[in-house]
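Each of the next two complexes has chain A plus one more chain, namely chain B in the first and chain C in the second.
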Partner chain A sequence: MPAGPVGELQVVGHRLPKLDAPQKVTGQIAYADDLRMSGLLEGAILRSPHPHARILSIDVSAAERLPGVRAVIHAGNVEQRRFGYGDDNLPLKGDKVRFIGDEVAAVAAVDEETARRALELIRVDYEVLPAVFDPFEALEDASPSIHDELPGVVGNVAMRWDFDDGDVDAAAARAAAIVEGMYSAPQAAPAPIETHVVIASFSPSGHLTVWSPVHMVFMYRKALADCLGLDWQNITVIQPPVGGSFGGKIDIDSHDFIAVMLARHARRPVRLVMTREEEFIGTRTRQPIHFRLRTGADAEGNLLFRDAEVVSDNGAYNAWGSHAMLVAMSTITSMYRVPNSRIRCAVVYTNKNYGGSVRGFGNPQATFAVEQQMEELADALGMDPMDLRLKNANQSGDVTPQGMKITSCGLSECLRIVREQSGWDQRRGTMRDRHRGLGAAAFIHVGGGARIYGSDGCGAIVKVDDSGQVTLISGSSELGQGSETALAMIVAEEMGVPIGSVQVVNSNTDIKPWDVGVHASRTTFVAGNAARLAAAAARDKLLATAAELLGAPPAELRIRNGMVEVAAEPDRRIDFARAVRRRLLREEGTVVMATAFYDPPTEHQDKEYRGNISAAYGFGAHVAEVEVDPGTGMVRLLNLWTAHDVGRAINPMSCEGQIEGGSAMGAGLALSEELVMFDGQIAAPNFHDYGMPTAVDVPRIVVNLVETVDPLGPFGAKGVGEAGIIPPPAAIANAIADATGIRPRAYPMRPWKVKQWIDSGERSHVVVAKGGLDDG
Partner chain B sequence: MVDVFVPDTLDEAVGFLGHHAGAAIPIAGGTDVLVDTRTGRSAPEWLVDLSSLPGLGGVELDGEVLRLGALTRIRAVELDPELQRRAVALVEAAKVLGSVQIRTMATVGGNLCHGTPSAEMPPALLVHDAVAEIVGLGGRRSIPLAELFAGPGRTTLGPDELLTSLRARVRASSAGSCYLRQTVRWSMDLAGVGVAASVEVEGTTVTSARVALAAVAPVPLLVGSATETVVGTDLPSEVADEAGRQAAAACSPISDARGTADYRREVVSVLVPRALRIAWLRATGAWPEGVPAPVNGVWTEEDL
Partner chain C sequence: MRIELRVNGDDYRREVEPDLTLLHFLRDVLGLTGTKWGCLTGDCGACTVLVDGEPVVSCLQLACQVRDREVTTVEGLETADGLDEVQAAFVSNGAAQCGFCTPGMIVAVEALLRSNPSPTEAQVRESLSGNLCRCTGYNKIVDAALQAARARLLATDIA
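Our next item is the complex of A and B:
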């Protein structure tokens, strides 16, 4: 249902602090690590020191004899089944280890120190095998085979993502300009402040309760049951407040299974907390992806084709990272109007920590390639890059080559805003003598759910008690992104009550209705629509009762600020809670409660990767301004202008926070963050060396919210959670190119890389089809 | 478990360290020691807490001689108004060390004695001709600061010895200095390359100069050849560049997660001339007082 104009909204569109902010800033909130329970044991995991080795034997006898040790487990004494796409993983490795950090054994003991001492007493004999770290080397015939136990895996290729639309070769033949080049994205980490943590406890009757800051709780529960042979009816998952995830805690990981197995063996509750080092070494990373991309256009600047050969560096096992191409592909085919496209992608196993889901999920990587080529192509055509973008911008009503139906679309407006604010027309290309430059990048990202599962739905229950308090029980969870507040605002708006009357319950699988989980920037859109539908149904029940009290038909009533009033005569009104009590406190009374389940009208992609995967798409554009020190290669990010089509800002303050936070993360990806690795060993698994930006590194960020009022979004809202992180690596690379004339090929653009590109004269590779070959 | 011994006097501290040689290490601000013990890089049985010993802190000036107590906090160096005029390299090095919280705890002596090749204080003090004053069971001795460093994480101090103070030369006029560094982040980072330079002039002619480097050798490095090149000149760019090339030839960087050896050597050849030029502009009064060296290294002399 289309939402009304902003002026009529009482709660939505207002700047409200997050509901949980007071608890968080005063330190009163209890994260998983703050939970206390009697008899709780501390767990610890023995990890492989080798990137690739066969496990010959494990001797745990000395560890078991250590006083205070309650359980020592390894593949030889537990029941576990394979998990992961293609069943390529085991919680505790039995045959081989495949990266430094792979789980081999685990201990539960009375305290952490005893548990760590016990790990030192476990003796594992390994036969060290040749390892491969470079995905291109892993594709060679002579490379070691990482999953030789899986007959379906040939040449270390975990999966392929190939796509064809139109005729790329014919389009290339008539192109006036073609640019081509390699663009690489590194292994980076979600790096939440709260490391991964899980507590598992069995009741005497065998009911398992797990406390975990996971955000796809229902799939998590099923995965626990499947892998460990448990009855999933007998599992409760409770999600304590999440101290940061950024995608890293999206679903299940080896240590979750290990905690449950330890609790089962020890017959006591067990907690596993990752150390900071383990967080970097042993939890999921952002998938490194390498793109060889070509883009071509005609002389007028109409895009003709994109052609990509992609190698996605999977690491040792398939987790979500193996599917980062799902999003990377949509950017290659559907960012701007591209009439012909071809993608050949291999997802390749290597002996490294493996990729998971991290904010942006493949999109910063792909945008780094696609949006650099937009500026390279514009330069080759003698066009302004903004003009090239506007000429080819996606518009409402478009259907992209993958079948994505573009409904609300503010891309052109976003481009025009950042162009204007950055002084693009006056300043780009004019500041090279000061080593300054401007660069832009836009993005497309799912903003109305993403159908990757049978349902993309979310359940909601709204109940109103006799005090007038409204409780939303949502299937979806809060990760710190502010969704709880947005959902409460949607309910308050729909019911006509103040925000203070609304509570949100969302942390227990026994209570909350089913939801896919938090991912794909879907919560405001999908859980918001579910909450709005349930709130509307509860409101209608209430209005029916109020109608009796006010002597007017329900259609003539409205609720404002907690009062039910006759719309035409606002003085005829009663307190909202009175209507609730009227309905409840009588013979044959009923509670005011309503349920809803919202599953967006979307399609599963078919085998050729076509289908309208999301009910809405988010768009936006950034312009970055940098200053480059040509002597050292150091890059200073001076300004970032951003404009995001959010459909409607439910809570503008929260939207701005998400965009600023995402932009800061994107700037970190662009310039400093990397899990630097030597021979499979992460060189420095700590915050000091990882390179997360500090407040000093984050520039002034200007945020513009463009409200296109999406036809299907709740009050017109679209997803915004991931968006901010997507354009910065590309925009900053383009700004470095403007400042120096060189063309960045990989991020993070750490000083020595920039210096190397400057010294070697790394340039765009431009093929001018109509005028012969020109390399530069 | 680690035990902590809190001595009341310097003699007591030295006596304890001597008695528990190898098993006891001194701790002052703790910003390096506590990280080392936690990560297992060092595993002492005893920490000897120096932080309450009297007489080891403070910044004192006597003519051209600066006396800097080993327990002086980095933050105190950063904020000292006299040092801001006379020892700009030292203040600039202090400003970029860790965070305000770290600088408030960390001490000058700790930064020197930890032996980190990339540490900020060593090059900045080396270009001010610092002398280290040391006390041990055998009494007191003084050595040029350069002789304190033995290798990554190692000094020439005996197990019973403590650095008590530094003496450095800080002229009030006709002198200037500068500290520049290359990092990945713009704060909270270790130097990939650190460069300090100091210059003394008569008129505009260089009478004395020092160049010191961090993070490009096993120890902080004083580059004699570079300074000889610039003495007697008005430090034109060509001469400064030549000094940069000599410094690059003198260092021996390694390749690691913070950059390759070749890159580091090249950055030395870029930052040394810049630091020398800024120091010279400061010595000749051409650089406005209180204006920091540009963090991005990009400035033109027309900007001044």
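Our next item is the complex of A and C:
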């Protein structure tokens, strides 16, 4: 649906509190662990203590005899099939375990204590196998083979992502400056405050209901059916309010299947609650990705090529984490105008907890490499990095080498805003004596859905009842990001009713129409367009009835503030609800209800990774200011200026919330967050040591919302959910480089590492091409 | 063992196991699920409640340790007029996103404002440094706390 003229907006563009906020500040809202139900058993999972081992035997007899135990399951006594991308995973492992935390057996008991005691009574004999944790070692011939059962997997390579555009070697031959370096991103955790919780219950007739804060709910239901041999018509999934996900709860995990299998065996409802330790060791992480990147430009600063060798360490199983390269690839080929690019990437299995689809999905990692090289290259060319960026910035109307069609692009404006606000031209390069520095980074990210599946669509139903209450039933769900409120605002705007008249129902697969799910920053764009279409259709039905009552044709009517009025004579008007009742309460009356399904006009990438996968792309730029203590290596983030092209801010306060929250997560990635691992064992799976930023670590974040009014977005809006997290690691690394002269090669840039770099004088590797510049 | 205590103004008498935490007492015995947990190790602050006006992480406190004392949870903050100043400021500033840290965060702000009715921004940040939030980046929470402090001072002045 085109944005169309928006005229004077009544609701959209206003700073409105989230609809669910009052329930959240009073403690009334019930998350999954707050649900109470009769006969509920508590489940617990026995996890592998070995990173790689063959399971020789499992003896559960003592556990089964423990009073209070209602079910003990393992691969030997359940029906289950493989799941996950490439069918490389099994809920309860039968042959081998592949990381510390892999699921081996599970118990349901009358209470948690009994369930945990029963786990201790399960005897598993393992044959410990050599394990591999380094993805580069995993690629060597001598490496242990992690998925020897999968015929297609050779040398632990789970997937390849290779891309060629133009002629990189020819471009390199005419480059005036080329920079080259290794850049590494660590294993990190989404770490929502609410851990994973799942409740499974079968009715006497065999109907399964699952309560889970998952956000790709229809795929979740299908995966449950496929893996467990259930009839998917006989499964209802209810999504309780989500206590944070950030991609951690997007997908189906082994424990979801295990809860259902326990409920089936025990013939009682079962709840599985991950402890914080399990959340760190046994749920999806952000995959470490290692980039060897080269970027070259001519003497005028026109980018000529990017050349990348990439190893993505996705751990023991693929899940969707193997597809983080889809996004990382788009940043390497399409962040700025790059006429030639080459990518050779292997996604590698290692004996570690595996990667998932965590906020930003490969993009913070890739941007860390790409945007540091923009500043290294600018230095090598003797240019200002902002000038280099502006010279090569993507523009509206561009089609990138991967076929991404950029319909609206505020990148240059975003760069100019943060340049101005940070005092870039006056301050960068002048504060080293005070150990302070400025660094920038920009981003490109999908902002209009992402066609990964057969459809990228979302369904919507809008109904109006006899009171005038408008209900949007959306396929898409709320994660806390405020999408529910944004959708209600879109409906209110389209129908001309106050926001208080709109409610949203979105959490039950029996009720809501199909949707791909909440991912890829797609909800406001895709679910928003669906909601707007349904609202417009419902409004038109209402106007047809109002036209009868007002004696004026529908085209001359408008709805404002809940009143239908003749546009030219606003005194001729009737209450919105009266028109609804007029339509309903008569012979052959009808309800005011309309449905819509919006699938963006996009295409799958072909086998060469070309195709316009999103209907719009989001852009933005950050500048970070840091202070580095040269004695300790401690980096303090002093300021962060951000500018984001959001198309249009449906709810500016929520947009700020996404950008501020994402930026804080990005700062955590940059400076402190890491799952430190020794021989496959996560050293400290707890909040105390993980390094999540607190209120004293996050500075004031300046947020600028740049509105380019996308031609296809609802009221011009584009996605913003993931954007904030993408630039900070790169921007902060660049700021450290400005403050110290060292070039960070990996994050998190923890004090001991920064100190080591300062002491060893780590510098940018500038390769000077023929006829080029002096060695910088 | 038998304990008596007051929670949100109501008096309770209950038989509890000696190792039952205050968190589980509130959630499982009294059914007050407004108090959340995120770690059970005292690191995230989601389970913060007031005991005699002082903030404690209820996952590290035993129920039997609060016998004869007064506990306030997020459910006990609303006034006859509805949301109290801190809750209202959290709503209007967009300080609650997923909302899971919100009860503990609000109780921590309440504790601060009771001891320091006019905190500086730095004091707000310091006093909230034991409460993790993954959604907001904290700035809107800090704004809400400062706004609640101003609102409360104004209300006191008028009274």
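Simple rule for what comes next: the second predicted complex is superposed on the first by the 763 of 776 C-alpha atoms of A that agree within 3 Å, B and C clash if a C-alpha of one lies under 4 Å from a C-alpha of the other, contacts with A are read in each partner's own complex, and residues count from 1 in each chain.
In this section, a contact is a pair of C-beta atoms (placed from the backbone, for glycine too) under 8 Å apart; a residue touches a chain by one contact, two chains touch by 3 or more.
Bear in mind the structure is a predicted one, so any value in this text is a computation, not a measurement.
Asks: Quick check on the superposition: with chain A as the shared anchor, is it clash or fit for chain B versus chain C?
Replies: Once chain A is superposed (C-alpha atoms), there is room for both chain B and chain C without a clash.
Asks: Quick one: classify A:His688 as touching chain B (first), chain C (second), both or neither.
Replies: both
Asks: If we overlay the two complexes on their shared chain A, which of chain B and chain C does A:Pro727 touch? Say first, second, both or neither.
Replies: It touches nothing on chain B or chain C.
Asks: Output check: A:Gly27 vs chain B and chain C. Expected answer is one of first, second, both, neither. What do you get?
Replies: After superposition on chain A, A:Gly27 lies in contact with chain C alone.
Asks: A:Gly43 in the overlay: touching chain B, chain C, both, or neither? Say first, second, both or neither.
Replies: neither
Asks: Looking at A:Ser672, would you say it contacts chain B, chain C, both, or neither? Reply first, second, both or neither.
Replies: first
Asks: Applying the touch criterion given at the start, work out whether A:Gly631 contacts chain B, chain C, both or neither, answering first, second, both or neither.
Replies: The answer is first: A:Gly631 touches chain B but not chain C.
Asks: What's your read, chain B or chain C touching more residues of chain A?
Replies: On the superposition, C touches more of the residues of chain A.
Asks: Could you say whether A:Arg276 touches chain B, chain C, both of them, or neither, answering first, second, both or neither?
Replies: A:Arg276 sits against chain C, while chain B stays out of touch.
Asks: So in the superposed three-chain picture, is A:Val696 touching just chain B, just chain C, both, or none of them (first/second/both/neither)?
Replies: A:Val696: touches chain B and chain C.
Asks: Considering only C-alpha atoms, give the closest distance between chain B and chain C in the superposition, rounded to the nearest Å.
Replies: Value for chain B versus chain C, nearest C-alpha atoms: 5 Å.
Asks: What part of chain A is shared between its chain B contacts and its chain C contacts?
Replies: After superposing on chain A, chain A residues 688, 693-696 contact both chain B and chain C.
Asks: Can you list the chain A residues touching chain C in their complex?
Replies: Touching chain C from chain A are residues 15, 17-18, 20-31, 33-34, 36, 191-195, 241-246, 275-276, 479-482, 653-654, 656-657, 660-665, 686-688, 692-696, 698, 700-701.
Asks: What part of chain A is in contact with chain B in the complex they form?
Replies: 434-435, 627, 629-634, 636, 671-672, 676, 678, 683-684, 688-689, 691, 693-697, 750-752, 755-756, 759
Asks: Over in the complex, which chain B residues touch chain A? Could you list them?
Replies: So the residues of chain B in touch with chain A come to 182-190, 192-193, 256-260, 263, 266-267, 270-271, 274, 295-298.
Asks: Could you please specify the touching residues of chain C with respect to chain A in the complex?
Replies: Interface residues on chain C, with respect to chain A: 27, 31-41, 43-44, 46, 73-75, 77-78, 83, 87-88, 90-94, 96-103, 106, 124-126, 128-142.
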